[in-house]
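Chain IDs A, B and C follow the sequence of writing; residue 1 opens each chain.
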């Protein structure tokens, strides 16, 4: 268990619904088996409807999220508008590939709604920036196997926002309950065209 | 502590006196004075064996080469061994272990003939079927792996089961067994199996396949294996097992080779100029 | 040079047992023999009020190769004849297939000998404990398998026991094992044991009431099993080709085979 990706633990998942997307993460921060914090969210907002989830090495999660805060602020100053999810995904990809031979130990997930087209968008990355454009869901973190199982079993196309919230919450909660390194509550964002709902879930505290 | 890792953890002669070889197994105490040693790697090896089930029987093939590492050492080694007129075993892997198993099977055959009589239709019925033979071999292989003394082979056993349906199954050095309409060991699992599965995707396709098509598919695979497997040769044995018995040919040559594709190959495959 | 002269020269080194044999094989070894392999695949068992369902995919793999598309991982125990007629206990094994077959054969013989010696069928409870002992007897050279045993207990209720490779065991409502166990198990927690599901009519916050799992009927369980496997097939390369299900009731064992994706 010396993989940098599995030292601190954590899980993140994003899903597409009907004219909406959802992204959720757990709240645990640990050092191997020892839990250090139960308030370490792994989702970061970048503008009105673009969200980034980061799992992996906690120090890199903090650093990379700050790096993108800087980059997105610079983008906003130059362009005088918010960054869209697709543009942000490409920024994430190229920024990760810059560190091709000394990567950030993170597995990012991007979710958002394109302001122009109104279409939902999600994608995932490996630690060196290869993009996975999925039409259904993206998972990452130490509970990714479990998340693949729950998402593949629970997800269906064209879920309305409330149903999507229930689906992503059940998928995440049940997945992290079978992973010793993830859990301790969750944050869930439901992103619609002109509304974002953030909910805090209380999960098992063990 | 000294600089000889092989000595670490062993009793030192200057402290404990030298080891008394009487405590070794009888077979080793007198001769070598050293403990039993087991095969850790194969030495002289045979490459792929491939086989297909068709509607009335099975076709099996293996080339006649026994390699010593990358050296093509023996070029007339027959790796298909018939057993009591009803079955054929194809051997991949270590050739000396193949010869041991062949001796074992011959003594088994002799015992079978003593207890059942031979050379008449009635006593033939009582002989072991290919299915029985496969069970026997799988137990031998599993026993040897469990003793940490493996027979370093991958075997294909083919013939007919008691009810007369075609039978084809495999056993390897770990005692792993499985059965399928087409099977291939070694390199053949990568190169021949996809071709054979195209011809025979499932059990139903195998029941519809005639002998000529089965033989043609196997011969085509032997050719592809010769093109790409560096431990193969162009002379091979092929056997057809059906209810009339075993038809084994041990001096077949590859036909209709075309090396035209070789001209197109540059570098390792992605190079274009 | 001074550092070299401080080394003990080979001639001064103490001799030790089997020195000659060791130096003969002292060169770097190319192969060592490892007696295990993983043949992939997954199994799953769920017990109901009056039945137990065991299921397993039929793919057998070696690395990225598919050995065969039909290698059953479910075995009927006891009963008579080659088809185990009258059997009411099923063993599923996943992991190293050769060990799985050896284990199944041993337990089958034991179940048959029990009937021969005692004149009655072995209970699942007794069979389960015997399986634990067989596994533990090979504690230092284990059968590399995850076993699940299913049947009907003495009260007529579905019984399901799951094991680790060295015989530690437990009776459970549901269990997934094998390559895709990590994918299937949290789904089962949610759909069978209703984990993380609360009564929508209960109060907010800490007044929430967890939904109570009740034994499921047979068709629901069959549906969950199918969903679990079709999901596992999508995301795990070692799972696929076919789904074999055995439904054990007081009347015997029903076997169902359905194809799965072959990619």
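Please note the rule applied: a residue touches a chain if its C-beta (ideal position, glycine included) is under 8 Å from a C-beta of that chain, and two chains touch if they have at least 3 such contacts.
By chain, UniProt protein names: A, B = Proteasome subunit beta; C = Proteasome subunit beta type-6-like protein.
These numbers come from a predicted model, not from an experiment.
*Asks:* By Cα centroids, which chain is closest to the centre of the whole protein?
*Replies:* C
*Asks:* Which chain's C-alpha centroid is most distant from that of subunit C?
*Replies:* Most distant chain from subunit C: A.
*Asks:* Roughly how far is subunit B (Proteasome subunit beta) from subunit C, centre to centre by C-alpha average, rounded to an integer in Å?
*Replies:* 30
*Asks:* How many angstrom lie between the centres of subunit A (Proteasome subunit beta) and subunit C, each centre taken as the mean Cα position?
*Replies:* Spacing between the chain centres: roughly 34 Å.
*Asks:* Give, as an integer number of Å, the spacing between the C-alpha centres of subunit B (Proteasome subunit beta) and subunit A (Proteasome subunit beta).
*Replies:* Inter-chain centre distance comes to 51 Å.
*Asks:* Considering the complex alone, what residue numbers of subunit A (Proteasome subunit beta) touch subunit C?
*Replies:* Counting only subunit A (Proteasome subunit beta), the residues touching subunit C are 145-146, 148-150, 152-154, 169-170, 173-175, 177-178, 203.
*Asks:* Once bound in the complex, which stretches of subunit C touch subunit B (Proteasome subunit beta)?
*Replies:* So the residues of subunit C touching subunit B (Proteasome subunit beta) come out as 7-8, 13-23, 25-26, 29-33, 35-37, 39, 60, 62, 65, 67-71, 96-98, 101-102, 141.
*Asks:* Considering only the defined contacts, which subunit C positions touch subunit A (Proteasome subunit beta) in the complex?
*Replies:* Listed in rising order, the residues of subunit C that touch subunit A (Proteasome subunit beta) are 180, 182-187, 189-191, 195-197, 227-228, 231-232, 234-235.
*Asks:* Considering only the defined contacts, which subunit B (Proteasome subunit beta) positions touch subunit C in the complex?
*Replies:* Its residues touching subunit C are 2-4, 6-7, 10-15, 18-19, 32, 34-35, 37-41, 142, 145-146, 148, 150, 170, 174-180, 183, 189-190, 193, 202-203.
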